[in-house]
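Would you mind keeping the following structure in view while I ask a few things?
Just so it is clear, A, B, C and D label the chains in written order, and each chain counts residues from 1 on its own.
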Amino acid sequence: MTGILQTQSGNGEHPTAAVLVIGGGISGMQSALDLANAGMKVYLVESSPAIGGKMAQLDKTFPTNDCSMCIVSPKLVEVGRHRNIKLFTHSEVKSLTGDAGRFTATLVRHARYVDVGACTGCGLCEIVCPVTQISHFPAPPAEGEKKTRARAKEKRIIRGPGLPQPTRSQKWNFSVDNSLCGMCGGCFKACLHGAVSWEKKQVAVIDQEKCTGCGACFVACPEKFSAIAIGQAADLEKSVGAAVHARSQLLKKEFKGTGQRDCIRCGLCVITCDKVMNISALKMVEEGIEAGVDICQVCGACVSVCPVNFLAIDQVTNKVPRPLLNSFNEGLNGRKPVNIFYPQAVPRVPVIDEESCVRLNSGACGTCASICGVGAIHYDHREEETEIAIGSVIFSPGIEVFDARIRGEFGYGLYKNVVTSIEFERLLSASGPTSGTVARPGDAKHPKKIAWIQCVGSRDHSCDRDYCSSVCCMYATKEAFIAREHDSSIEPTIFYIDMRSFGKNFDDYVTRAKDHKVRFVRAMVSRIFEDPISGDLELRYVDGSGARKTEMFDMVVLSVGIQVPKASKELAGKLDIDLDRYGFVVTDCYRPLATSRPGIFVSGAVKGPKDIPETVCEASAAAEAASASLAEARGSLITAEVLPPERVIDPEEGLRIGVFICHCGTNIASVVDVEAVTEYAKTLPGVVYAEHPLYTCSQDSQERMREIIKDNRLNRVVTSACSPTTHEPLFMSTLQQAGLNKYFFDMANIRDQCSWVHPDDPVLATEKAKRLTRMAVANATAGQPLAEQEFTVDARLLVVGGGVAGMTAALEAARQGFGVFLVEREGQLGGQLLQLQRSSDGRKFADFLGGLKEKVLNNELIKVFTSSEVVEQSGFVGSFETEIVTPSGGTRTLKHGAILVATGAEEHRPEIHGLGTLNTVMTQTDFEAALENATSKDWQHLRVVMLQCAGSRDVDHLPYCSRVCCNHAVKNARRLKSMHPEARIDVLYRDMRCYGLAELDYSRARREGINFVRYDPEENPLQITAEEAGIEITVVDPSVRLPVRFHPDLLVLSTGMKPRDAEELASMLRVPRNSNGFFIEAHAKLRPVDLPSEGLFMAGTAHGPKSSTESITQAQAAVARAATLLSRDSMKMSAIVSVVDPTHCAVCLTCVRACPYGVPFINDQHSAEINPALCQGCGICVAECPAKTIHLGRYGDKNIRAKIEAYSAS
Amino acid sequence: MITGTPKPIEEIMEMVEPYDNIILAGCHGCVTVCRVGGEKEVQVLASTLRLAREAGGRTIKIREVSLERQCDPEYVEQMRPYVGDYQAVLSIACGAGIQFLAEKFTTTPLLPGINTGFLGVTERQGEWSERCQGCGDCVLHLTGGICPVTRCAKSLFHGPCGGSVQGICEVDKSVKCGWQLIIDRLKALNQMENYTKFKPFKGWSTARDGGPRRIIREDMI
Amino acid sequence: MKSGSNLEKVLAAGHFSVTAECGPPRGADPDIVRKKAAFVKGNVDACNVTDNQTSVVRMSSLAGCLLIKELGVEPLIQMVVRDRNRIALQSDLLGASAMGVRNILCLSGDHQKFGDDPQAKNVFDIDSMQFIHLVRLMRDEGTFPSGKKLEGAPKFFIGCAVNPFADPFEIRVPRLKMKVTAGADFVQTQCIYNMKKFKEYMELAKREGLHEKVKILAGVTPLKSAGMAKFMRKMVAGMDIPEEVIARIAAEPKDKQADKGIEMCIEQIQELKEMEGISGVHVMAIEWEEKLAEIIGGAGLLPRPVVE
Amino acid sequence: MLPCTGRIDESLLLTAFENGADGVMVVGCLEGDCHYVSGNIRAKARVKRVYGILDRIKIGPDRIRMYNLSAGEGSKFAAYANEFVEKVRELGPSPINLVRAGQARAVSQKEAT
């Protein structure tokens, strides 16, 4: 770590190198990871039982259609297992004291009743728990009073179509213990089968021949005697509840598909009610079951244990049942009081719900504790308080969706087939309540016509949600798109006001959706009426031509907006940070991550609605902001990972392969017979262990895998699960933790390649899964241990581009303690912002830029090179070398560990509408500059037309949306209006994309009398003549549906933004740019500021059009990402690199010539050599080598041949 | 290096037709460098032969070996322990290597898998061209380092002939006129006086015209 | 007199000489040679007999020479080094001389690629320069190249060919000089169409004094049609036919183009006649021998002088 | 799965046929869009060579084909896979497999008698 400040122990003079991150959604997780990977201790507090947040609930993500869970789950696991992140789930922040650099927080961990350390996440507790409702628990006995059971006054007999058909299947043996029998005859009276013989003062005797095993006698025997003994009941030694569950399961299996509707008089409901719940509301009678409806506590246990669905909850009680709903699935299905939040949850440990658990409320039941094999359930848990010392806080509690009930006209909550968009996400999700089938909640019918209604709880003054929620246009488009992928007969329609697809590649996505028959209608829906019989929905709206329309739909999705939850507002109050009237955290546009209280930073949608990549970006940025002032203490509170020594595998040692076939919940197991694949795997040569976990990737499974590797002395591991791209690193690190070289591993993707692509052919899908598993086993057999070399990291950062992003990045990196080289092509720092005048709050950019420039130039750690350009680039992450040409014409070689590209963008200046020739036509930037001196009389009554999308969203110019122009126009229009209220301003637009809180300025502009007229290049084109003589513009104003003519004094064009020329730089860095010239990020959702090559990052408008605030955020984010590398002492190189075996090298130069990266060279030992740090691992040289003497880690001929041979072996 | 090209597979199939159990021998020398007879080509040819054979209803067993060089007796001897177990050896070394195998293993038929080409250089990946004919009497010092024997289609010593057009030989549009190259080079070297010098008759006895050649260097024996 | 050939005599006497050529047949029929010889007879000072030109197999040039000699035409034997090594060349030289052939043209020969047998092995034991040297050695020293004495030295008027239009232009004159040094007595040029470039060439040759050391016979070939002109320009290596030449013949209607070609050829000969350093013309009327009289006569070069 | 189609070589492709493949599909990045700059172009040349070999040894050249796709073109991948499978189905089993099946039949008949 050259150039990094020394780390210090906490001796009182230095800040605390720890950060409290509030909120475990994608924002909090990203902040936590970036901090923890850069040497900061992290405390991550999440109020729900598991991390993951909203993103875990989503099905797919726009605009790439990536599966949300698939991409977030590796992050969940990484956070869950990170040694420097301490996770507090089901917890809250109680208080915060102290100041920036040395806060003390008190955290409250709510009682979970399950020991997180002991629980394996097996989920058995949830399976055996019989409770499905929120019970009406009997009032506890008054002080000193003896606890007695209530007696039913209101009884109801539940009958089936026929009389009960008693079953003897899985029968328990009831017998009378003569020594205990009270000779009361209760059992004799209760028995409906005449199996009990009793006479007064005689011990009762049960005739086993006649007994059907219903247990009526057992229930009837008074507690004081308890003379009836049960034999042959599985799990009875655990508890009655466990035994009931065991028998119920067997009977359910037996009666499955038999159409049995009559009571089978198994007696499980009665036994449960009496012996497990201590209620005694049920009794077996000749005609069926007699329920004491007034004393029923409505827990639902009787219903859930009934093997034949004879009972229904509303039959057994006279109260209104209150089903327990699964909040993760948005209440679309039920859950148990003991519940694992969601299948991939981290930690995958259930929480017992205090409101509904019978044990916690009445002291009865306790079945879950009795069944838990590891004794993890403790009903005596109490909430705990922990005090932690931290230097900074990141506030990222996330958002919730708008309560659609407030918009009563849409009938949400009344009409069953009106759902919210988040509910629809769950309906689409493969792990959701319908397993990904699009079905109406009302009747499970497959809907054909589905309508999305936009702006429900957004851009709506009537319910105090004036802001735009930013994400709804895109998520609705995505949901419509994906719905059609699930069922191509679906006809989606989206009703919208403005299509705000303002992000990178968003417009293309909308176009693709249109191509996929998603219908877009620009209209506000006024009301929905339900057809009470069919459940279909009638929508009323006014279309573009002004006609009133009614249209029938099968289902309606309300695109609900997002808002700050009440709890978050309260927490903000405790933290003493300022919120705006909607509850969003207030920040300064130049310091976008800082809250009003020093030391507390903010990230994510809680500071304004935003999508995932922007959230991730902010999260990284917040991590940077939160750690910059703690940098001097970096590393003082963390522990390094210590891996057990690697077991050296003796070549003589036989193969010991372990195979794990993943269910992936139902993702795989619903199609592929995983048990059969597991059995098959056991037959493969060398396989000594095989099993099929529900989620192989879950934390508990990974811990288990580690144990299995050790216990079975495995020397190879194979998983057949999902995509190696996302999950292989996880499994490999588990191997390492078990002391096995991580390359003794292979993975078959039986999810994507079997269950997903062949859902309709389970038999063949299973065969294919076997084959893929066989191939993976063969490949693992051929596996070799590979070593990763370590090298020292140069802790300096090269920043290319000295605009606002580049300067911010340089300054922040320096604050983090890293040396910085800042290279700017132009003669002065500042970039495009030099052309602009004022921020949206009216402050002059020049002041801000001046301050920034001064700080950059005066910082000792930053070396600035203006009028300089990068001409040559080599090296690799952690150890780059870059040559620049300086103004003197000389070159300089800079050594550094990471690169940040911030080459920026500039205003597009197309030669249209007289721009460049007429002085009455100008761009927004020109206009903004002119406004600075617009004091003369001429301006007072000036007529200005602003033309939006002038050369944007236009295939002949810039095909994309430049994102900032609408806000830019609103800003300038309002400024002119404030200076000269008499001036007339007409803004001609296609969609006003004033996303997020910028919507507020847009609505203010409208109220201030600025006129907005919509046009459409196809359906409502503009007629523009711009000449010396004057300008004339004609368009049909859709609001009045009449042509209007403008004769402005000034025509202001919003022309958009185009990237600066960075073609050579991109090719030197070998990073891709999109067809518009913007750099392409490593992952559109989760790695928004990473470039695809390791060690390269980007920020600002080089990535895509954005505002200066967004650029600042990205710059800080990119520094955070770079800090995860630069803060390390050393790094490891990939082991998947080509290695030349010099024995047979013919020194023929084939590899030297074939390598696209120019890595191989001929060394002084007369052999080709490949620098492992530079090798990209493509294997081109391996395939070309005529002597076959180059080998590529795990992609050797031996491996590939093994797979090919295993493919065809039967 | 010595260059070569693969023989057409049909021709090789015909050669191996009588056999069911052969050795396919590559060489780590020149033919590896010119990518016609190295380990990779052994694998490709072996697979090809097995496939072709089996498609015709018969199988063939092929032992794939690659000798360090087929033109040195010590390396060739490495095959001796097992060569007798096979019906033939198909070699994809140069003609020298193949013959050397034939000499050493007198009772095993030797089959050539490549056509040996010339002494040449690599122009670029996948392109080689001739530079030397091994005439045994080098005159490169007089001709600007460019061989008139090899580079001129007519091996003229006082070229170019009238067929030289804009530096291109009349024999093949893709071949540069050797004499144009010589002249360009002599001019660059300021040695044009070498050009106008009359060159006496070349002695071809040191070339192949003198019969199979041998080099014996007493000092090295 | 080096050889005492008619051509040598005519040139020595300062006459503007004329040679033509006669390609032997693709067969053993001597009458074909005789028929061609009849067209030539009386119109030239010597007649070249080609040696498997363009590598197309024909009757041997020595046999052709003897056939035309029988008819009273002075033969000029062409010999290429492509097909014969130095042993065969020496032997044929002795034979030709013995049979009274006194003029020789020493050539490399076209590459076999263009002929009947592109698969043939070529020889090129010695090159044309060395061949000239060989003939002069035998004639003037009376020895074999091995140094052994000849039993009677062959007598030849030694000719060589030059192509003033081949590349690179800069070595064309030096190369002619080498040939002269090697022993060439006369030179026949490739057929000339680009008179401008030829004049340039001659200027350079004259600067070296070559026109005084060697007799330069300028090669001409009458064009039969514009098509032929275009074909030759495209297909024959080193053939330089300027655009204006083609344009001139192409301007004529098809049936008049042959006449135009002859007219142009005559004009060209007349122009060459006036050029300093040009000692004669070599008229290559390819497969058009019947027009020789018309051309040569048209140029005012008939009858041919007789020098004793 | 390989890091790049540039890793695949002719002998491995032929090995697949030796192991009874009726067809081999090589799927790489779009041309000009190779993650490793030129790997797919190299692969294309090698596939072409194998195509030639298969043609000459009468296995059938159309049993090998290279497709180019971007990572986001899942449905296109499916379409290509179906197209190629359909093509190979039309071609029928590889001659190798026919011969092997014939021999297996002959053996079993022999055993039966």
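Rule of thumb we're sticking to: a contact is a pair of C-beta atoms (placed from the backbone, for glycine too) under 8 Å apart; a residue touches a chain by one contact, two chains touch by 3 or more.
Quick caveat, the model's predicted, so the values are computed rather than measured.
S.K.: Could you tell me which chain's Cα centre is nearest to the average position of every protein Cα atom shown?
M.R.: D
S.K.: Centroid of subunit B to centroid of subunit D, CA atoms only: how many Å?
M.R.: The separation of the two C-alpha centroids amounts to 33 Å.
S.K.: How big is the gap, in whole Å, between where the Cα atoms of subunit A centre and where those of subunit C centre?
M.R.: It comes to 91 Å between the two C-alpha centres.
S.K.: For subunit A and subunit D, let me know how many angstrom lie between their CA-based centres, rounded off.
M.R.: Centres of subunit A and subunit D (C-alpha means) sit 39 Å apart.
S.K.: Can you give the whole-Å distance between the Cα centres of subunit C and subunit D?
M.R.: Computed value for the inter-centroid distance: 63 Å.
S.K.: Among the residues of subunit D, which ones contact at least 2 other chains?
M.R.: Residues 9, 11, 15 of subunit D each touch two or more of the other chains.
S.K.: So which bits of subunit B are touching at least two other chains?
M.R.: Counting only residues that touch two or more other chains, subunit B contributes 40, 43.
S.K.: Would you pick out the residues of subunit A that each touch at least 2 other chains?
M.R.: As it turns out, subunit A has residues touching two or more other chains at 1154.
S.K.: Each pair of chains that touch: what are they?
M.R.: A-B, A-D, B-C, B-D
S.K.: Which of the residues in subunit D come into contact with subunit B in the complex?
M.R.: 9-11, 14-15, 17-18, 53-54, 56-59, 94-96, 99-100, 102
S.K.: Flag every residue of subunit C that touches subunit B in the complex, lowest number first.
M.R.: Counting only subunit C, the residues touching subunit B are 82, 86, 108-111, 113-114, 122, 124-130, 133, 145, 161, 163, 166-168, 171, 174-175, 177-178, 181-182, 190, 237-238.
S.K.: Across the complex, what residues on subunit B touch subunit C?
M.R.: 153-167, 170-172, 177, 180, 183, 195-196, 198-202, 204
S.K.: Touching residues of subunit B toward subunit A in the complex: what are they?
M.R.: 28-29, 32-35, 38-41, 43, 66, 122, 124-125
S.K.: Could you please specify the touching residues of subunit D with respect to subunit A in the complex?
M.R.: So the residues of subunit D in touch with subunit A come to 1-4, 6-9, 11-12, 15-16, 19-21, 34-39, 42-43, 46, 72, 78.
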